[in-house]
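Structure provided below as structure tokens; questions to follow.
Chains: A, B, C and D, in written order; residue numbering restarts at 1 for each.
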Amino acid sequence: MPNLDKPDFSKLKALYINCTLKKSPAQSHTAGLMEVSRHIMEAEGVATELLRLVDYDIAPGVQPDMTKEDDSIKKDDWPEVYKKVKAADILVIGTPIWLGERSSVATQLVERLYAMSAKQNEKGQYVYYGKVGGCIITGNEDGIKHCAMGLLYAMQHIGYSTPPQADCGWIGEVGPGPSYLDEKANALDNSFTNRNTTFMTYNLLHLAKLLKENGGYSTYGNSVKEWEDGERWEFKQVNK
Amino acid sequence: MPNLDKPDFSKLKALYINCTLKKSPAQSHTAGLMEVSRHIMEAEGVATELLRLVDYDIAPGVQPDMTKEDDSIKKDDWPEVYKKVKAADILVIGTPIWLGERSSVATQLVERLYAMSAKQNEKGQYVYYGKVGGCIITGNEDGIKHCAMGLLYAMQHIGYSTPPQADCGWIGEVGPGPSYLDEKANALDNSFTNRNTTFMTYNLLHLAKLLKENGGYSTYGNSVKEWEDGERWEFKQVNK
Amino acid sequence: MPNLDKPDFSKLKALYINCTLKKSPAQSHTAGLMEVSRHIMEAEGVATELLRLVDYDIAPGVQPDMTKEDDSIKKDDWPEVYKKVKAADILVIGTPIWLGERSSVATQLVERLYAMSAKQNEKGQYVYYGKVGGCIITGNEDGIKHCAMGLLYAMQHIGYSTPPQADCGWIGEVGPGPSYLDEKANALDNSFTNRNTTFMTYNLLHLAKLLKENGGYSTYGNSVKEWEDGERWEFKQVNK
Amino acid sequence: MPNLDKPDFSKLKALYINCTLKKSPAQSHTAGLMEVSRHIMEAEGVATELLRLVDYDIAPGVQPDMTKEDDSIKKDDWPEVYKKVKAADILVIGTPIWLGERSSVATQLVERLYAMSAKQNEKGQYVYYGKVGGCIITGNEDGIKHCAMGLLYAMQHIGYSTPPQADCGWIGEVGPGPSYLDEKANALDNSFTNRNTTFMTYNLLHLAKLLKENGGYSTYGNSVKEWEDGERWEFKQVNK
């Protein structure tokens, strides 16, 4: 039976940022699972890019361009990466798990995304409004949900929207063991991981499409500029 | 200037669940801030209800009705509360912070919401699909973001969608001190809290309206039933 | 070869509190792993007790005895449980994982432990000084470390000491699956879990013994009473 | 009155690692509070050092020396920093809070500490056994406890011991605002922060002294080497 209601996602763009600690071309298990999600998007006509943040020179700090803040910092590739983030309707952050936490590279990504959050779009809203975000987590033992909590929280806090089940991942049984792409892990056929990766990917597409077609969020009730100008909509301090 | 583009939210329903440890009618600081958000919704024509979960007899466990699982459990009000959750387009969970964490009542709420997550809607999706969620956190010192991470994560994981900036709260300076409604806290005029509460409330409304008017999420790519029937859409294991 | 340096732990007492959501006598997988640790202690001559908090009527709240705070609360078994906590040199908290988090019962335990933290011992220190704590986590998929972070943090924050590797647990591969005691899980022979449970147990014993034999912590530098009396030891605000 | 029971801490060494994102000599608020703790140690005769990890070239990865793992990595200062970690009886990690989380530099520190955790001391125990750890957190709004949970967890997991109240910090009221050293914050006289910093510092000293004088932990029950050789002490799988 043909999918008569197959939506047209071809106007969407998605950026996958892999926060592995390993520079290209070393094998990244996280990239393995990210490619599963990315394949779905590509097959649905979405323009995608996958990059490893560790391949770039990202300076420490929480300003848009750190070379302008500190003379000792000679290079900062963040503005280049940010251009890709800004152009994408969908951001998917991938990270390995180390000691139960997302990688330091993932935390640095959040710091730099956050550094731009004071910027406003043309409507006076935070700049990430109208975009959607998800995350992909891999490790060999424990911590998908904990890592996802922090990443999804950060994204929604700066303006991304989150569809249902916007996280997915793979881990093995407790203790050290094989990783996602290792044959011994037998992870590629894990139905739970495959299903969650699929659902996440499609839900990101559905919500991104819906928001894009509706021009993002109305400014009614969430414009920084209007709030600063004194507009309060129906806000009232009812406790006094 | 009139708000010419003021949206019509009057078809929406919102449920506020306060997870304070204090039974009615004791003063709840969390309720204080929840009422600020609720007032906005009411003024926008939304039908709302605010309840305290601790006023109900909620049995421990992760099944829909615990009286059917354990003969020693004589009463379980969860099915009654769940009816309200099911009827609402928007769920806002409020919690105090104790030792940096959400209350045990909030965790019990998540356990019971989760207990229903195996249920599917008429489309074969998880039952909370199409609904939106947010959270309100109060304490006297530290932990809004940590509590919000866990609550928003749980909600999206079981099917809720999250708009931008779906959390808000109030805490004072580090260390013990006055709480939200205490005059000494001077919290009622905190512009950061008021603005975030307002933005959260309106963003919940915008996304709930958008999803409701579009009939929730398309089943293309996220139907449990279809996955179990063998449908894979564009999923493909690209690593082999 | 005999263990010539086998320490004598026979003066120690340990309390295991299982925070399962299931009342006795239902099977608790968490109890299963807790019994492994407890067996070691018993075999080393330690007096132990294992209880399920859900078998008691613990009232919501953060005061020592909630029946004295709220007339509508007729029963509160916390004072009875607290007596056991106070008498024990070692506290081991066990919890299942639900949606990546410790159980609501575990959170309630922390709330009630915290409720007593304003009390001081005869030296003017917080009442849990000199005791040691650890935790045991079981689930079928993900979250040992996240749950352990919160539990160990709470314990140290109110006065417990933490030896190395004070957490242990068992989870299976990502996704729903068998639990610790289920034969299909094949968890009982997991060497990683068995080793960590053993190391945790012995480290709790070593540190508890060391602290007990030294009379707990010296009051030099940590007495609430002396701080309130104006003593500052070598504290100096060096930033002005 | 003279402190007749003033302990002699002069044989101890402490290392303070500041995980600020700002390179020297930029002002670090976190350093400000760390210096308060460090002053106490110095005044008690402890040999201390405070460094900023961001002043070093620390390579991404989880191996002891990344230049030996990846030819594209030309420099890795971690071995130099690790020497200081190894020589110190006490490790205090300081971090700012960004979006409710510890800094990416702090996460990188944990990754590299963890990279050495497979090493064993001369007794066949993990290499950090016998050392003690604490943490100092500063921000302008929210997240001390959440950051402390992760840092203290990581330290105990790899072998550090944690005394009571091993975390301290300063944050202001919710929302953006002045930082610790800013005069407007009025943070320097915050009694809660000063007391917690003092108690943490002395408790680290007490426990480090106790462990050092006792030669760290007995190997009875926690030696990786003996476990691998088949020793099980009193471990027994009681569930079968």
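As a convention for this text, contacts are C-beta pairs under 8 Å (C-beta built on N, C-alpha and C of every residue); 3 or more make two chains touch, one makes a residue touch a chain.
Remember, it's a predicted structure, so these values are computed and weren't measured experimentally.
Separation of chain B from chain D in touch steps, taking the shortest path, is 1.
Over half of the residue numbers at the chain C-chain D interface are used by both copies of the sequence. Which listed pair repeats B-D comes down to matching contact pairs by residue number; over half match for A-C among B-C, A-C or A-B. In terms of C-beta pairs in contact, the better-connected of the chain pairs A-C and A-D is A-D.
Separating the CA-averaged centres of chain C and chain D is a span of 22 Å.
Centre-to-centre, using mean CA coordinates, chain A is 37 Å away from chain C. The centroid of the Cα atoms in chain A and the matching centroid in chain D are 30 Å apart.
Among all residues of chain D, those that touch two or more other chains are 99-100, 145, 149-150, 153, 157-158. Those residues of chain D whose C-beta lies close enough to touch chain B in the complex are 99-100, 142-146, 149, 169-176, 190-193. Across the complex, chain B is touched by residues 3, 5-7, 32, 35-36, 39-40, 43-44, 126, 128-129, 145, 148-150, 152-153, 156-167, 181, 188-189, 194-195, 197-199, 201-203, 205-207, 210-211, 214, 217-218, 220-222, 227, 232-240 of chain A. On the side of chain D, the complex with chain A involves touching residues 21-23, 26, 54, 60-62, 70, 72-73, 98-105, 107-108, 110-111, 114, 150, 153-154, 157-158.
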